[in-house]
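As written, the chains take the letters A, B, C and D, and residue 1 is the first residue of each chain.
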Amino acid sequence: MAQMTYLEAIRDGLLGEMRRDPGVFVIGEDVGVYGGAFGVTKGFLEEFGPWRVIDAPLAETANVGAGIGAAVMGMRPIVEMQFADFVTDAFTQVVNMAAKFHWRTGHPLPLVIRMPYGGDVKGGPFHSQCMEAWFVHTPGLRVVAPAFAEDAKGLLVAAIRDPNPVMYFEHKHLYRYQREEVPEGEHVTPIGRARIVREGATLSVISYGWMLHKCLQAADAVAADGIVAEVLDLRSLAPLDRDAILGSVRKTGKALIVHEATRTGGVGAEVAALVAEEAFESLDGPVVRLASEDAPVPHSPVLEAAFQPSMDEIAGAIHRLAAY
Amino acid sequence: MAQMTYLEAIRDGLLGEMRRDPGVFVIGEDVGVYGGAFGVTKGFLEEFGPWRVIDAPLAETANVGAGIGAAVMGMRPIVEMQFADFVTDAFTQVVNMAAKFHWRTGHPLPLVIRMPYGGDVKGGPFHSQCMEAWFVHTPGLRVVAPAFAEDAKGLLVAAIRDPNPVMYFEHKHLYRYQREEVPEGEHVTPIGRARIVREGATLSVISYGWMLHKCLQAADAVAADGIVAEVLDLRSLAPLDRDAILGSVRKTGKALIVHEATRTGGVGAEVAALVAEEAFESLDGPVVRLASEDAPVPHSPVLEAAFQPSMDEIAGAIHRLAAY
Amino acid sequence: MAVPETQEGGLVGAIQAASAKGETLAPSDLLEILYHMRLQRAVEDRGVKLYYQGRIPGAYFTGWGHEAIAVGATYALGPQDLLAPMHRDLAAYIMRGIPVRRIFAQFLDREGGLTRGRDGNIHMGSPSLGVLPFISHMAASVPVAAGMALACRQRDEARVVLTFFGDGATSTGAWHEGVNFAAVLRLPLVLVLENNQYAYSTPVSRQTVAQSFVDKAPGYGIPGVAVDGNDVLAVFAAAREAVTRARRGDGPTLIECRTMRVRGHSEADKTFYVPQELLQEWAARDPIALFERRLREEGDLSSEVDRAMLERIAREVEEGLAWAEASPEPAPESVSEGVYAEEREESGRGEAGEDPSWPR
Amino acid sequence: MAVPETQEGGLVGAIQAASAKGETLAPSDLLEILYHMRLQRAVEDRGVKLYYQGRIPGAYFTGWGHEAIAVGATYALGPQDLLAPMHRDLAAYIMRGIPVRRIFAQFLDREGGLTRGRDGNIHMGSPSLGVLPFISHMAASVPVAAGMALACRQRDEARVVLTFFGDGATSTGAWHEGVNFAAVLRLPLVLVLENNQYAYSTPVSRQTVAQSFVDKAPGYGIPGVAVDGNDVLAVFAAAREAVTRARRGDGPTLIECRTMRVRGHSEADKTFYVPQELLQEWAARDPIALFERRLREEGDLSSEVDRAMLERIAREVEEGLAWAEASPEPAPESVSEGVYAEEREESGRGEAGEDPSWPR
C-alpha cells in the first residue's frame, strides 16, 4: 500500500498496464511531450516512445476512430479526452462504431476512453460536464466512475483488460482532493460491482464520483441525530450492480440517490426506476433524487455552489427521508 | 378536418409555416430536388426556391451548425436529419452550441431538428435508433415525439414557433401507418402537455410514439377482462408534463411505462423516478417499465419482433400489474 | 511531400500514366480480375432479383458500374493487408475471403450472415479476416482504417490498409479527420474515392466546388491522383503505386476514381434527378464490358475460358444462395446475446485466413 | 475559382502584396488600429495581473502577440458585418461594440459580465451585436458562422461574416464541414486562421504535413492567402480583399496569418516545450512594437498623440475594471434562470447597435 492521490493512482494503473502489455498505448492531445493536460502521462513518452504515447492532432473523431481501428487489430488503446466534454466531437465513433461492434461482428473491441469530467474546477459549461447517462443508455458500452484512488487504479486496470469499450470517467476535482492508501502493483476492481462504503440501516444513500464524498460527510453529519445512513458507491454505472442496490434498499427500505450530473434523465433516474420496480415491496418512503440543477454547469463558483448538491442539502434530504 | 397520414400532417404543418413566415426554411440532405428521403418536402423547392429549401452537403455538423447560425440571425431553420441516427455526427452543435445558447447569452435560438427515428422499418442498427433520452438529459433542448398525425402537425408548428432548439422526433413507422382526421390550417399542439388518449381507472399506461399505439391495442385487448387502462400519450419528453403523469398515477395508483428506446437509462426511467418520488403515497404497485432490449436495433424482422415490446407483452404487463 | 507526376497531366494524363503500368500483370491476373468483377455483378444481380421478389428485408444497394474500382484497388493488396470497404464494393469483400454464401445469408438476414441477421445487406465485414464492417454513418470507417494502419505501424508490420468512400463522404468531418490523422502520422493507408457523381440525389457540385477532388490532397500533404474508375487496370495501377508507397513508409495517397452511379442510390430510387444522357453515356462505358472487350481484343479471353468462367460464377451464385436459403432465421432470443464480449474473448490481429467472427 | 496571385509568391510575396494595399488607410485609421491593438494588450495585461492575484476564476487566456490579426482583420469589416471570434481576439470583441467594463466583469465572473458569470473569461460574445459567443469545442463556430452568412444571403443583405480559428482547429471535422459548406453555397464568409504554431503543446507539424495551410484552400475551391500575422496592415489588406470578395458574392477566402504564441497556452502553462530561440525571435517581432515603429518612422504618431492614447487606454482600463469590480456576484438562485427562452422572446437580426443580450 502507498499513499496516492486519485490522479497518481490513475497514473500508477496506467503505467503498470503499459509495462505489462506492449499492446497497451495512449493517444490524445498533448499526452506526450506535455504529459497530458493534467499530467497523468508525464514521463510516459520518455519510457514508451512516440508510438505508444501518441500526441494526436486536435481531432477527437480521428483519435477515437484510430483507437477503435487499433483495437480491431488487437491493440489495447486508451484514448484520452482532454476534457470529457469534447467527446461530443467523437460521438458517432463511440456510440455507433465502438458500442455496436461486438454485437454486430462477434469480435471484441478492447478500448478505453479516459474522460476527465465533472465540476468544482471553475471550468464552466464546456469543461465540467457529467455526461455519463448518455453512455449508460448506449448498449455495448461499459461505464465506470470511481470515487476513490484505489478504485481509480483498479477500475482503470479492469477497463484496459476488458474486451469491450469502456468509458472511464475520472473526476477532475478528485484528482488532487482525494488521497488514500492504494495497493501497489497488480490491483483490479471488477467492473459491475458497487461497494458499501458505510454500513447503516436507516436509509440507503446511493451515489458515485465526487458526490459520494459529500454523501459520506453528510452521513457523518446526521449520525449525531441517530441516523445511520448506509452509503453505497456505485463505481460502475454500466452495468449497474443491481444486487447491491436492491440488497441495500431492501434492507433499509429507503433510497436517496445523489449525483452531480443534471437531474432529468440522469443515472439517478435509472437507479430510482430499478428500485421502484424491483424493491417496491420493501419501500418505506419515496425514492428521492438529489442532483444538479437542469442547467449548463456555471463558471462562477457562486453559481456552481448553488448548482451542485451541497453537503447541507444532502444532509437535509437524509433527515427528511429518515423522518418519513 | 381532413384525413391525413402522419407524414402528410408533418408536411402540412411545415408548408403552412413556410407560407406564413419567410424566415422559416428547411435544410438537409436531399430535401430539395428529391423532396427528402421520405418525401416530406416534395414540391417545396419549386414553391420556395433554393435558398429556403437547401440541398446540403453530406455534413451534419455543417447543416446543424448552419441552422444555428441562421437562427442566431433571426431566421427559423428546420434542419432535417435524413435519419435521426446521423445526429451523432452533429452532437457538439446540438448539445453544446444550441442547447446552452440562451442560458449563456440571453438570446433565443429558434431551431428545429427533424429526427426521423424508430424501428419496424427494417432499418437495422443505424437507421432505427430511438435516442431521445440523450436529449432529454441535455438542459436547454425541448424534445417532442408525436404519436398521432394531429400532433405531428401541431407539435411541428409549435416547435417552429418556439424560441428554443427543439428536437422533433417523427416516427418513421408511423409515417404511413398512422392516419386520422387532422385540423386544416392553423393548428398548434402546445409543447409540454401530455394527453389522456384513453381514460381508465385500473392503471396508467404511459407511452409515446409508435409504442403508444401498441399500448392502445393492448388496453383494448385487456378490456374484456374488466381492466380499464388509462393510456397517457406523453407527446413532449422535455419538458415532461409532470402534472398529467402524476395526476393519472395518483388516480389509478399504478404505472406501466412503455417505450421503444432501449430500457436502461431511457425516458421511462425518468418517468418512473418521477412517479416513485412524487406519487409514492398513491402507489399500489411497483412502477413497471417495458422497453426494447438493451441491444442495438436488429435488422432482421424476426429479431426486431423479439427486441421491441410487443402488444402481447404489453397486455401481459397490464394484466400482471392490474392483478398486483 | 510532392504531388506525383500523374496529377499534373490532369485526368487524362493520369489515366494514361496509370493504365500504362497495368501491363505487367500476367494473363492469369487479368482473368482473375475479370472473374471478380463478374462475380460482383452476378451476386448483386441475383440480389436485385431477390429484392424485387421481396425476399431482402429493407433497402438494397448495388455497386453496379463500380466493379472496376472495387476489384482494381483490392487486387493491389497483399495477403496480409487490410480493407475498410463501403457499400459499392462487394467484390472487395469476396476477394478478401468472405464467402459468397455468407453474403447471400447476410442479404436474407439469416443466421449464416456475417452479422447473424443483425445488420443489413451492406453492413457486413469480418474483422478477423481484416475486413472492417462499415456503419451507415458515411466516412466513419476512415479514421478507423487509419487506426488499423496505426496498429500495423506500431507493431512494425509491413501491412497496408485500403479504404473506400464516396464523393458525399468527403464532405464529412470524419473523412477530414481520418485522412489528416493518417497523413500526419504517415500511416500506411490508401484512400480510394469512388466519385460516382452523386450522393443519393445530391450532385457533386453540392459536395465541393474544388476543380477536382484530387485538389484536396495537397491540403493534407499527401499525393493525389485521378483515374478513370471504369478502367480496372488504371485503378489497379494507381492502387498498386499507392500500396507500394504506403508499405515503404511514405504514408497515404488519395486516389480519385471517376465513375457514375448508373443505378439508383438504392434499388428503391428511380433516379429521376439524373439527366438521361449522363446515364446513357456511362452505361455505354460499363467497366466489365470495357474490360472484356480489351481482353478479347488482346487475346487474353478465349471463348472456352469465358464460358467456363461464366459457368463457374453461375454455379457459385446458385450454391451460395442455396446455402443461404437453408440457413435458418436467427433465433428471436439471440437478439440480446453478445452485446458485450465475454472476459475471455481475445482480439485477433486481423490476420487473413482466420474465420469470420460470427459465428464463433 | 482561381487562387489569387498572392499565393504564388509564397509567404514573403504575399506579405508584400498585402502590405502594399494597406497604404490607402488614412492617418486616423492607423491611429485607431494602434489604439485597438494597445487596448487589447492593456486589458489582457491587467487580466494577467488579476489572474496572478487569484481574482480570475479558472483558466486565463491572452492573445498576446496576436493583436495584429484581431485588429487588422476586424478593421476590414463594415458596421453591419458579423463576427465569430475565438480566444486570442479580444480587440475584435471591443471593436464590434462590446464595452471593456463588461469584459472585465466577464473575467471576474460577475453579473455584469456578458454571460452573467455563467461562462469563463474567453467564452463571451453578444449575438445582438453580431458577435457570436464561441464554445470550447474548437472550430465549432465555423459552421455557425457559415450559417450566419447563409442568413445574410437568404435575406439579400450585403453583410459579411468573419471568423477566426487556430491552427489546431483546422484538424477538426467541424472546421472542414463549415468551410466546405460556405464554399459550396458561396457564402459571404471570411476565414481567418491564426497560425501561432502551437495548439496547446502540440506543434503545427502534428496538425498538418501540408506545406502550408494555404494549400488547403484549393481543396475547397476557394482562394487562400498567407500573410505575416504580426503585420497589422498586411492582415488588414488581405482581410479587406476577402471582405470585398465576399460582399460581392464570390464566396469565402482563407487567410492564413502566421504568428507565434509567445505566452503560454493559458497563463498556467509554462511552455517548456517551445524552443527558447523561437520565443525570442517572435518576441522581437511584437506586432504592436512593429506597428508603433512604423508609425513613428512615417510621422503618423506624434509623442502627444501617443501619450494621449496611452492615457486614454489606461483610463478606460481602470474605469472598466472599477465598474466590473462594483458589479455584484450573480445571485446563486439565478443559475437555473433562462435555460429556455420564453415564448415572447424574439431574435434580433444581429444588427450592430443593439444592446448585448444579458441583461435584457
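Going forward, a residue touches a chain if its C-beta (ideal position, glycine included) is under 8 Å from a C-beta of that chain, and two chains touch if they have at least 3 such contacts.
This is a predicted model, so every value here is computed, not measured.
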Which one of the chains is farthest from chain A, going by Cα centres? C
For the interfaces B-C and B-D, which has the higher count of C-beta pairs in contact? B-D
Can you compute the centre-to-centre distance for chain B and chain C, using the mean CA position of each chain? Integer Å is fine. 37
Centre to centre, by mean C-alpha position, how many angstrom separate chain C and chain D? 44
Can you give the whole-Å distance between the Cα centres of chain B and chain D? 40
Where chain A and chain B are represented by their mean Cα positions, the distance between them in whole Å: 30
Return the residues of chain B touching two or more other chains; collapse runs of consecutive numbers into ranges. 56-57, 59-62, 85, 88-89, 92, 96, 100, 103-104, 125-126, 139-140, 293-296
Spell out, as numbers or ranges, the residues of chain D touching 2 or more other chains. 115, 118-119, 123, 135-137, 171-174, 177, 180, 184, 206-207, 339
Chain B contacts chain A in the complex at 85, 88-89, 91-92, 95-96, 99-100, 103-104, 125-126, 131, 133-134, 136-137, 139-140, 238, 240, 261-262, 264-270, 272-273, 275-278, 280-281, 283, 285-289, 293-296
Residues on chain C engaged by chain D in the complex (per definition of touch): 1, 171-177, 180, 183-184, 186, 205-211, 215-222, 251
Considering only the defined contacts, which chain A positions touch chain D in the complex? 29-30, 33-34, 37, 55-62, 82-83, 85-86, 88-89, 121-127, 293-296, 298-307
Would you tell me which residues of chain B are touching chain D in their complex? 25, 51-52, 54, 56-57, 59-75, 77, 92-93, 96-97, 100, 102-110, 139-140, 142, 162-164
Mind pulling up the chain C residues that touch chain B in the complex? 57-59, 109, 115, 117-120, 123, 135-138, 168-169, 171-174, 199-202, 206-207, 273, 329-330, 332-336, 339
